[in-house]
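Okay, so chain A shows up in both of these, paired with chain B first and chain C after.
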Partner chain A sequence: MSAPSDSTHAAQIKRTLLTFGPLVLALILEIVIFEMIGRRQDNPGFASLNTLILVLNQSAVYGVMAVGMTFVIITGGIDLSVGSLVACAGVLCAMFVHWGGGEQVWAWIIIGWIAAVGLGMVAGSVAGLLITWFSIPPFIATLALMSSLRGLGNLATDGKPISPLPEAYNWLGRHPLWGQVPVSVVLLLLILAGGALLLNHTQFGRHVRAIGGNEESARLSGVNVMRVKWLVYVLCGMLTAVAGLILSSRLGSGSPKVGLGDELAVIAAVVVGGTSLSGGRGSIGGTFVGLLVVSVLNSGLTWIGVETFGQQVTLGVVILAAVLLDQLKTRGSAF
Partner chain B sequence: MKAIQVGIVLCLAGVLCGCGAKPGAVPVKPKVIGAALLTQTHVFYQDMVSAMEDEAKKQGFKLRLQYAEFDSQKQINQVETFIAQGVDAIIVAPNDSSGMTPVIAAARAKNIPVFTADIAAHGAQVVSHIASDNEKGGVLLAEYLAKRLNGKGKVAIIDHPTVASVQERTKGFLQTLAKYPDMQIVQKVPGEGQRDKAMRVTQDLLQAHPDLAAIFGINDDSALGALAAVESAGLQDKIVIVGFDGTPEAETEIAAGKALKADAVQYPKKIGQKTIEVIAACLRGEKVPPVVPVEVGLIDQASLKGGKP
Partner chain C sequence: MSEYILEMRDVTKRFPGVLALDKAHLKLRPGDVHCLLGENGAGKSTMMKILAGAQPADSGEILIDGTAVQILSPHHAQELGISMIYQEFNLSPYLSVAENIFLGREPRLGKSPFIDWKRMYNDSREILKRIRVDLDVRRPVNELSVAQQQMVEIAKALSVKAKIIVMDEPSATLTEHELAALFDLIRTLRSDGIGLIYISHRLEEVFEIGDQVTVMRDGQHVATKPVSELNREEIIRMMVGRELTEEYPKEFFTRGEERLRVEGLGREGAFSDVSFSLYTGEIVSLTGLVGAGRTEVARAIFGADKITAGRIFLDGKPVEVRSPQDAIKYGIGLLTEDRKNQGLVLGMTVRENTTLASLKKLVKRLFINRKEERSVAEQYVRELQIKTPSVEQVVQNLSGGNQQKVVLAKWLFTQSRVLIFDEPTRGIDVGAKAEIFKLMNALIKKGVAILMISSELPEVLGMCDRVLVMHEGRLAGELTREEASQERIMRLATGMGKAEAA
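Up next, the complex of A and B:
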């Protein structure tokens, strides 16, 4: 890469504005519209710090998963197993705490965390191996894992959620730090920051982008493509397990039924955030804004009393609009 | 300054009226009730909701409806939004009976009373649970089967064990059936309360137990799924199916003399109406019982034609 000159700096700023500008605008627009409709219904307060924290807390599960998914999608891959893995991770942790039977709760919770994150890394590692060593397309490999993991979670629990769990179990998903910011929100922000750092300022991150841009030329220029791709799935599995821990804590139970369809919600957030499904292009910042656009939409529609069916339709329209906007931009910059 | 004073007075008035009990005082903001229910796709819930809406209108409440559509995460998000909006009461019909404990505790911490309708929440402290007497329904069905099969035969259950109301149904059913030593439960298979899944598991069931005498579907979608499987296997004259809910579709099949012979019927409209009545009583400051059972009944071909079951 050449040293950045003033003109490339300017280009970079322009590019950043082009990428995030419309999304941030859409986000602000959403908040303003929901607040206005809310006020008409005698139901103000959507545009407030409390609601922002609420939305962040509600998007923590998808957000943590979306960071891992962004890496996977930038390499040109996909991971459909995250929804099932989220359930398995929560179930495993809840099992440990349940076995503990209320004695030394915190020790068991921490053991459960470690076991769940370990499980996530193993699952991701299996996906990575299938995709790299056995050259199975990511869509197929992770589709198979999605089914097997869902089954494993159900087998392990006989299909029943594990509960009741001690109150300390709710810490990760609900406990407010400094009076009002839930632990899960702090964790989400840390993981987002870590993800951005990893993608933009490390060799690993550069390799991830290089592979997504052109796998063959990345290989020719000395990138260990297999290893990097494998690691990307391990990372995604690990973060998905963390998300599963947050979700299980928020529900206060370890249920094998949660996370159905989460993979699609997470992919939607990543794509709305401007990451290209064909690989090579994307950012953690974009994913964060994309996530917020989707989460604010869901919370806002609930806030103004739009029922679930209406929410589903609106979400589809927003995903389409975001992708169309993205296409217009890339077409525009090609001229 | 004046404006602020007026504002304060108005606020105080609002607060006083808010918890005050004097009817006919200054018109106050209508009480807002947030309902986070299981699904919008079951006829049962559609009936329950329409009765809730009618009763809410009568009481002068504003009802905000949301549905989990089988996603627990979505449901707790909806309840959290209600809490943030500061609604006056929350109704929950949990997607997962065990997954609502922390969020219900969060509502309690904000002094918002929570009620469960139709499905209970395990381990959570709600003001009142309003639901059909599900256990009684299970008892009625088991007695019906015992009578019809002369106390003999193999029975299977299309189950959905994660839901508390279903657990009560199967409990009543199993306890009553245990009184008949020649009737045995051969298998409980999970149909998740959905018709297509129930049909698939019933097909497997029929393969495994060719001498099956009866199937208990824990709701009408399960029973109708089982009915489809039994009919396509040509076993409609050998197997008796009983269901739960009494949806119009199930009633049609029972009246037509199909293999679905009887249904325990709940009265979803009564549940909906009762729920709002209990909330109204609670908001007036009256004491309400922790469990409010709503009656159930039994229907079969004879009763649908005007006779007695």
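Up next, the complex of A and C:
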């Protein structure tokens, strides 16, 4: 290696450390604190592999959504419809399996998967078209979609969850591979890796970042801005549907009521992970760590006996802290 | 009372890795227009930021009316009578002229929280009358022209009783006519005893309006002299620190075949019936007053805006350019006037900006070949002598001239055969300008056809083989290099040259 590329490697490592360092530190701090408090309460063992798998399992649904959301937010957009879409995807798959009535269960499950993912892509496609072709601000377009999709899910099921479903339905959400790693966790890790590759090493990913950085410059550099933005919402819809399948499989039912407020939790994880809401800046790695920070916090609080209400308050504080930290960092490096 | 309204002594400011100001000084008399000159990075802006209270100095003294002061914040600077007028105005677009002038200092009805509109409007009218500007004080400023907005900024400065007004490149976006109005206004301010610091890259203006000149280089004070004791060459030498052999290093090549031809090109509401040809081996300039439709023609050829009439031919064959993607496919590149908002993604690196328009070439089996990408970028950094620590530098941190080179690198990597430069030297210092012109020469030599849009007549006359002049959305005439003169171009540009051209 020649000298200049060595220095760029060093710069890259430095930048990576600067981006993830504080977050990883926060993560470790969380684990240590919960372990210590746990021991005081005669409840050691928070810092363990089991917890990690538990946390990953719990974050699989949000995590899969967060990958898609990261892409959307990097273009400078937002998708508020994911919480409703999660429910719709689960409902649709459950409906197919229910119709199947116990015959050829796996065939129906696979048909359900395909249909749900298709639905996610269609929903994302609609959002993308509204935003690009009709120039409706993402916030408004997806807000409308959030309401309509929630309504559709309720209409299709009369507001009641679809259950019971055959045992095999739980495979995606609960089946352990190699003894203890659930399928959903493996899927999450694969999607994270795929998302990172897509964002960092493909033309599409580069265009996504260019659009978020400066849409007009990107357009005048020959980037097909409309198409890329549209695809970003299709991708987000697709991944949200996958998340919906995991959730529905885990619950063993297709409920139109799930996923309420999920959009905010997912956006929180993405923002805590350092992706800028004004676009152009962000990473899948950051989103993953952001997700872990939030999930470990929730699991840890449960571990030490702080219940939902307390968790909500703490999550708010963490979001603010993360964004403040990010602002300090960008201000510091402005000159 | 001191002779000087403002003295800055031994001002030093260090940023990580750079000594931005090294014991710089500046003395301003009331009623003087003091031109502050220097290349980009010479320390002018840092000096002014310190004066405006936007940044603290590491050491040094600032005296106002002979009294030492510590400028703590922009607000404090304002209280001390210092007003800055930046290139990007600090106006609130949907508020009226009067609301902007009194923003943050609205007159109240007695001690009530309600605004005394009558007084605000009257006072605003008074101030505008004083600077002889005729504007409706109730109009929202976004309906005003750039020049009028600038007048509002100046009115705002006067309303806070500014004694020192700093203007940073006030002429950059003005037409000739508006510039004359600005100079009239500056003369009025001067006779009122206000001290003006005037920053500009256009030396003609210095000779027209300036009283004193201070030249800075590498953060240091080089010289302060009355304008009357200086000439153009001397100023440039002091700025660059060496003899600049040629400001316009024009080289001549034989004219080759026709590369681009447009016939009857038009876009409703912008321009119409524009026809011309571009040959290899020449630089053709498209000039005219701001608003004559030059940029619009360029954008239309590049597919950034739709055309409603006319045809485009490339190498004699008709082509349809419906989008920038099409233009790039045909080998047409556009270096926009507004580099920061239209040419670059500022938050991306030199490498990423260089390859943005032709990433496809670097994709192997779905993925971008990073190693190849880096070597491409490094090659252009060497070739164009882009001053950057590495290709991983974010372009935001580069100087104007180097940013322009990155934009150029982007279009070179697309293998452009027609390059449209829109105001290629705007905001770029003298030394970097000559470098950009040399690069143009090298490109022509390689067979690229160049269309250069420029408002700077000396640069048009210095670099072009032919000049196309636009007036109100139409081509008013074409001049060869021999025929062209400032006067003839201006006659055509102002619509007076019709008879002569015919």
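Points to keep in mind about this one:
The criterion applied here is as follows: the second predicted complex is superposed on the first by the 331 of 335 C-alpha atoms of A that agree within 3 Å, B and C clash if a C-alpha of one lies under 4 Å from a C-alpha of the other, contacts with A are read in each partner's own complex, and residues count from 1 in each chain.
Here is the rule we go by: a contact is a pair of C-beta atoms (placed from the backbone, for glycine too) under 8 Å apart; a residue touches a chain by one contact, two chains touch by 3 or more.
These figures come from a predicted structure and were not determined experimentally.
Superposition of the two complexes onto chain A shows chain B and chain C fitting side by side, with no clash. Residue contacts after overlaying the shared chain place A:299 against chain B, while chain C stays out of touching range. When the two structures are aligned on the shared chain, A:103 is found in touch with neither chain B nor chain C. Within the superposed three-chain model, A:308 lies in touch with chain B and out of touch with chain C [touch as defined at top]. Of the two partner chains placed around the shared chain by superposition, chain B is the only one that A:257 touches, whereas chain C remains out of contact. Of note, the Cα-centre angle with chain A at its vertex and chain B and chain C at its ends comes out at 140 degrees, rounded to the nearest 10. With both structures placed on the common chain, the touch criterion links A:159 to chain B but leaves chain C unconnected. Using the contact criterion defined above for the overlaid structures, shared-chain residue A:202 touches chain C, although it does not reach chain B.
Looking at the shared chain after the overlay, A:210 reaches chain C, while chain B stays out of its contact range. More residues of chain A lie in touch with B than with the remaining chain of the pair chain B and chain C. Our summary of the superposed model lists a minimum C-alpha distance of 37 Å between chain B and chain C. Only residues 29, 32, 40, 64-74, 76-78, 80-81, 84-85, 96, 98-103, 106, 122-123, 161-162, 190 of chain B touch chain A when the two sit together in their complex. Interface of chain C with chain A (complex): residues 15-16, 302, 304, 323-325, 327-328, 334, 336, 341-348, 352, 356-360, 363, 366-368, 370, 374, 378, 390-392, 410, 414. Here chain A touches chain B in the complex through residues 42-43, 45, 50-51, 54, 57-58, 61, 159-164, 170, 173-174, 247, 249-253, 255, 257-262, 298-299, 302-303, 305, 307-309, going by the rule given at the top.
Here chain A touches chain C in the complex through residues 4-5, 7-8, 11-12, 197, 201-203, 206-207, 209-210, 213-214, 216-224, 280-281, 335, going by the rule given at the top.
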